[in-house]
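In the two assemblies presented below, chain A is common to both, partnered first by chain B and then by chain C.
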Partner chain A sequence: MYRLLLNLGIVGYFGLFLLVTGGLAAYWAIYQQTAEQPIAFPHRVHAGQLQLPCNFCHRYVEQARQAGIPSLSRCMDCHRSIATERSEIKKLTRYFEAGQPVYWERLHQLPDFIYFSHKRHIKGEIPCAACHGEVTRMEVVRRVRSLEMGWCLACHRERGAATDCTTCHK
Partner chain B sequence: MPLLPPEYLPLFKAWLVVGQLLQLLWAAVMVGGVLLSLFVFLQAQRYRDPLRLRSARDLLARVLANKLLGLLFWLLAALNLFAVHWVYRPPFFTPPFWMAMLVLLAVALLLLFLYRQLIDRQQPGGVVPLAVGAAGLGLLLGVLSLLACGGAALLKPEYWPHLQHNPLLFLSWNGLARFLLVLCLALPLTGTLLLLRADLAARPKQLPDYQHYLSRRGGVLALLGGLLLPAGLVFDLLTLPLIARSLVGFLLPMVSLSLALLLCLGLCRRLLEGQSPRGEPLLAAVVFICLLIGLGDFLAREQVLADGSAIWQQAYAADQIAPESAAPDQQLLVRGEQIFQSRCTLCHRFDSRLVGPPLGEVLPNYRGRSEALQQFIRQPVKRNPDYPEMPNLGLQQDEAAAVAAYLLERLKQN
Partner chain C sequence: MERRDFLQLLGIFSGAAILPGCGDKRSAGKLVSYLVPPDEGVLPGEALYLPSTCGECPAGCGLTVRVREGRAVKLEGRPGHPINDGGLCMRGQAALWRLYHPKRLQRPMLRDAEGQYQPISWDEALSLVVEGLRQARQQGRANLLLSGRTTGTLAELQRRFCRQLEVEQLPQFEIFSHAALRRAYGTLFGQAELPHYRIDRADLLLSLGADLFETFVSPVDYARQFSRAIKQDDFQWIHVEPHYSLTGANASERLVLSPGSEAALLSFLLRWNDSKGRLPTQLMAAVPAASATETARITGLPQERLEQLAEQLRLAERPLLIVGGIATAQAQGLQVALLAGLLQQQLGMVGELVDFARAEGYGSVGSLHDLERLAERLEQDRVGVLISDAAPLAQAPGTLELKRKIKRAGLRVGLCELFDDAAQQFDLLLPISHPIESWGDAAPRRGLLSLLKPAIAPLYDSRSAGEVLLGIMHRSGKEEPGQTYQEYLFNAWHRRFDQQQLRQFSEQGFLTLPVAAVPLRLKAEPAARQLAVEEVAEVVSAAAPHLILTPSIRSFDGRSSDLPLLSELPDPLSSVSYGRWLSIAPATAQQLQLQDRDLLRVSVGNWSAELPVRLQPGLAASVLMVQGDLLSEAPLPIDSRSGELIRRLDGVRLEKLGDAAELPILSGSSSQQGRGLIPDPVHTEEPSPDETRFYRAHPHKDYRWAMAINLELCIGCGACAAACYAENNVPVVGRQDHLQGREMSWLRIEPFYDDAGRASFIPMLCQHCHNAPCEPVCPVYAAYHNAEGLNVQVYQRCVGTRYCSNNCPYKVRRFNWWQHRWQAPLEQMHNPDLSLRDRGIMEKCTFCVQRIRQARDRAQDEQRPIEDGEVLTACGQSCPTGAIVFGNLLDESSTVYRLAHSKRAYRVFADLGTEPSIYYLRKG
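Take a look at the complex of A and B:
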């Protein structure tokens, strides 16, 4: 009886940790894992090989808080004649002709209580790669920075930028 | 220092997995062995017990077998640091950092070997051996905690540029979790060591008391380590940066947990029945758990530093650039053609419309007006409503000059 209870205790103890690990994995898979994009847009080709500047597509990065997702007509400017035989471009053309928006999966989502302005950071000459990583080398863009408050503060302190709470928590 | 070609990168990565596994096992055994020997030595002095003194000496003879192995451990650490530097090139792995690590590790090993010499004496009384052993162990733990923090810092590349101004950012919860995980592994490994030694002591059938003493303590230590391991693994997972997480990264600890559960149940059964647990299967299981932990760490690094190989290739390419030998004018044209081919040909041809207009039609407007062409290349404006606006490619003045020179030269030839 004593041994049975002891064994049950050990199984329960490990089961608890297995449950926590499984729960963490499930939470990550459901809420934190990046879903597949509707069109496999290769940043490596556009920003890497062709070296198109970021603001060629993300047009509002210098003028607004949001960098902006390019409109489909922007894509079609070039892809009416370039690589039209490729499946992903055909997909893009179908969206464009049907007048449907592409619902891209958002990767860099700050919480609602954070005020962040791309314009300010571009003015401060922070390179895009500082927060978004080397997208020029990524076939599929992933989040490669934690976007944690400690990191923001480290950079703000180092550059002498405002560290007042209301700067980001308006 | 010249770089090796990128083909060697997988070799370095494979070495990192093997090398870190070896070092993790070795360091855990060393930490556990020395810690236990200090404890047992203290008890031996207190109770004047020759069995405990013998056990302390035996343990040290196993974990600090000879100075050559100590040197090998140090070389392994140096090789691993070198491999991390070459594969991921973190800017905080500066020569002062890794030299300080290696010097501290060397001092720690020297102190530990001195401790072994002191304890091996006929009458190892006094506090000197204890003080030397504690100092060596403390230093070794210090180095290991810094290496654990270094491993955690590899998973946070966004902090790298700020470490120079704020070195405290080097310390992290994940670094602490990794350090505690090493301590958790030190217990079952030391327990295994005792069990293996107990097997040896049992063979001549001359030392039954000693064999019993070792096997009981070895079994209890291994059980304790097995019970602490889940907490260490989950703490590591909880503090792992979000961007380093992956499905396999969760599955590996779950396999480790299941294996540790089976180990603990087996150990518990044998201890309750008064039997001596077997050392070999325990060792195999703990090594396998260490391998899973090492693989998880490697996958997390690959997940976060996916462009690491590209950085390496870029550094290699920069290293391989030969000095220019062409004449200045020719050099300008060659450079202009290179930039044109890589940046402009996607939208432009000389004789046909693509995205932009045929260059043969628009370039004559710039004949003899190189500066105007350069100005347009650097700051394009929409002129023809039949074509989309040309993007600003962000070319520098010298790059625009090279492209303009090449285009006007090509126009002349046509």
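Take a look at the complex of A and C:
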């Protein structure tokens, strides 16, 4: 009887441990979301090695709510002559020549009812990496922050920014 | 035109042109790249404001279209535009519902042998028209072009089209043709036009029948002029009418005369002021004799009041008489118009306050006589191709049987926007683009050209009327200046204007042009002859009760009745939303023992209709009132002299049916029940400050948002409510929910009547109380008070207990009983600055917090506080009279501060101690 209880206890203990670890792993995958993009664009090369400033491509980040993703003509400005032989660049050229936009997978998405302005955060001198992580070191971009309300508020409180509901909830 | 010139013009007019339409299904959860970046100044996620011109009625108000990601999301009146200067009526606000109407005609269609419509290509469609025109010419049948009131370059193109292709252009069709007025002015002064009335320059306005604030010529302009006039101390406005109109409700004094006695009243006034000696004696001799006693008997007005009125007119420095609407839509209409013209001449208004130099451009509009002739020609099989829009078929009086007769035309080509019943009378349907999808111009008034420039790419395979005509001309082998209508327009503008004017035209959306003075000389002899022909009918003998078919502020002449928003918004006087009703006087109701919603059968001759009744305080007992577009089958005769529709049926029989109908009446009571919402005479004072307070004081640091509503300027037109719907994604819930009292409007206008039947209006919206009763009862803190004085509702917190609504003394909170769905593609007009509310959520006015946010963003960029007037709420923006002012109460230099501290300021239910942030300014 005693042994049975002990065995059950041990199995239960380790079982719980496994369950928690498994749960965390699953959560982590969602949390650090990544996705396969139509064109394997390496931020590590552009933002890291070449040290292009973020707004070189995301050109509206200082002017508007949306940072904007680069237009294909922006990509082609360089890639007409640079690295044209690579398969991903050929893919890009095909998109451009066919006049088809690229449908990038979206990683950082706030709910529809949230008002968020990139411009305000840039003007408040928040580094891009604070929310997007060190994309300069990411071959494939993944989400490193939860983008949940508590996380937003923690920073807003710390920096003395507005915490009124209407600041973000629309 | 040179290629270079064209490109230059293109440069001027297409700065910040259409964004490529993004937002198809594939883009959900995706980021879609631009191929090439948009023009300078276009930022993704930021709104673009483009000029256009409203096409919902002939007034031609200037528009600003707010475009987000290639979708038009809101229309606003264009500030500075000579017609509306920022204001926009409810129909203008609803024009977006036409653009995204589920019934929009999407491609050319042809009716096949089985009577089914089959889609065809534009090429085929235009070839069919060309072939039809050719065949008809060979057969010796006439080809006809019939359109609504058209001005500007399109009118010129129509003339050219007709000349080149031997098509006969019929006089333009408007059911509100004002034909009697135009004919009278033609006889008297040789100007068969509608003058521009300068209400803002008058010190005494006498209006007779003209529904200035509803449909008469240019309602937003008149409302705006009224708001300027009333700010002068000595402005007096007397409105005379047999029925009850919104215009009458707003006059300083409303006089009720017997239906049809307008001519007698005008004759009396003419004779009284004869001493001024401005009219030739031969003319005066033709004016019917009218003594004070006799006129008092005919008109039913007290003799003293009549004499007083005549004296007021005589003594006024700048009197103005406006006659129209119901007064001219009767058998004596032409005579009324002639006498009115004479009185205007006699009192020296013509040329100044009755301005023909800036005439309203109705010269090419015909009358119902023209439609009668068309019906006749159709019957005689003399018509080949008839190219027309749908309006004549939808609105022509049933007596003409146009729908039956049109079948005899060789080919019926309809230029239609909606695929509705009227459109289905045509064989070939050509989809016409909405004004904000099209290039064009309009000259709604002489000396003004208003721009139409595509704010969005056409939603469907539609074309503008100009493109269609040009297409037919090209296909017939006619050389035209311009391959496209856009090129044709640029050519026309290029010929008329210099670079600087063109730039101005593009930027401000309109051009004012110098106008030549118009020679006005009274033609005494023809006028006298015409007057003598018109017999003074003994009108009062016509049997009572009279049924008057009024124009409708919501649907104009019926053309806007298909727009869902306009059925959702209640009629300002009766507060009925869906369905049709008959307004009756309380005295009549008492006599027949009727109450609201009881069914009554009205009949004249063989015709009868069953209508639920709605009591209309202030309505004369001998008069019944129904909105004309709701009773389009009524057997209204056409006046043989003026060609106007006679909008009155005499001697109607009434029969109580004993049943009641379901009729959504949105107002709870037509009386204030002594609660002093509008403090005349009752108003309960604010409690003394030493009373016990249940509420914590709220500190405000930089801003305390507040609103002032000037009730003297509020005309109850409902433009604010319509604007609120459009701005805030307020769902249109439909008749059934209205019957259950579940309307969703964040802002409503409540009509209240006093014992004498005088109406007052009060816009009611969330009062953003300082001590808000809704806040402490919310168990989840969804309703709270923020540091800027806003009473905020956090939708994500709300669990739908509805305690807040129960505790709100103003009944302004709205509960989502359903997951409201917008029928595609109506959802495209959603304002993305605002979330959509789910089922089970409470919502209400937010003081347009998204606009505050936008202003704050701009101010922060420029590192300054938000300036006074920078935040314009949607309601305030749209108000034609500027009655609604919004701003920061902590800023002592702000307009709202000044108004809130005016002697006239008060707050509704101040005695409850809620301390609302909305200050109303009582009249006088």
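Definition applied: the second predicted complex is superposed on the first by the 135 of 170 C-alpha atoms of A that agree within 3 Å, B and C clash if a C-alpha of one lies under 4 Å from a C-alpha of the other, contacts with A are read in each partner's own complex, and residues count from 1 in each chain.
Here is the rule we use: a contact is a pair of C-beta atoms (placed from the backbone, for glycine too) under 8 Å apart; a residue touches a chain by one contact, two chains touch by 3 or more.
Note that this is a predicted model, so its numbers are computed, not measured.
Here chain B and chain C are compared by how many residues of chain A each touches, and B touches more. Looking at the shared chain after the overlay, A:Cys155 reaches chain B, while chain C stays out of its contact range. In the superposed model, A:Ile69 makes contact with chain C only, not with chain B. Once the two complexes are overlaid on the shared chain, A:Pro53 sits against chain B while remaining clear of chain C.
In the superposed pair of complexes, A:Arg137 makes contact with chain B only, with no contact to chain C. In the superposition on chain A, no contact is made by A:Thr84 with either chain B or chain C.
In the superposition on chain A, A:Leu6 contacts chain B only, with no contact to chain C. In the superposition on chain A, no chain A position is in contact with chain B in one complex as well as with chain C in the other.
Residues of chain A that touch chain C in their complex: 59-60, 63-66, 68-74, 96, 99-106, 109, 112-113, 115, 117, 119-120, 123, 164-166, 169-170.
Only residues 26-27, 29-37, 43-46, 784, 786-788, 790, 792, 794-796, 833-836, 846, 849-850, 853, 857, 860-861 of chain C touch chain A when the two sit together in their complex. Contact residues on chain B toward chain A in their complex (touch as defined above): 156-159, 161-162, 165-166, 169, 227, 230-231, 233-234, 237-238, 241-243, 245, 247, 250-251, 253-254, 257-258, 260-261, 264-265, 268-269, 272, 304, 306-307, 310-311, 342-343, 346-347, 353-355, 388-389, 391-394. Here chain A touches chain B in the complex through residues 3, 6-7, 10-11, 13-14, 17-18, 20-22, 24-25, 28-29, 32-33, 49-53, 56, 77-78, 80-82, 130-131, 133-134, 137-138, 142-146, 150-151, 154-155, 157-158, going by the rule given at the top.
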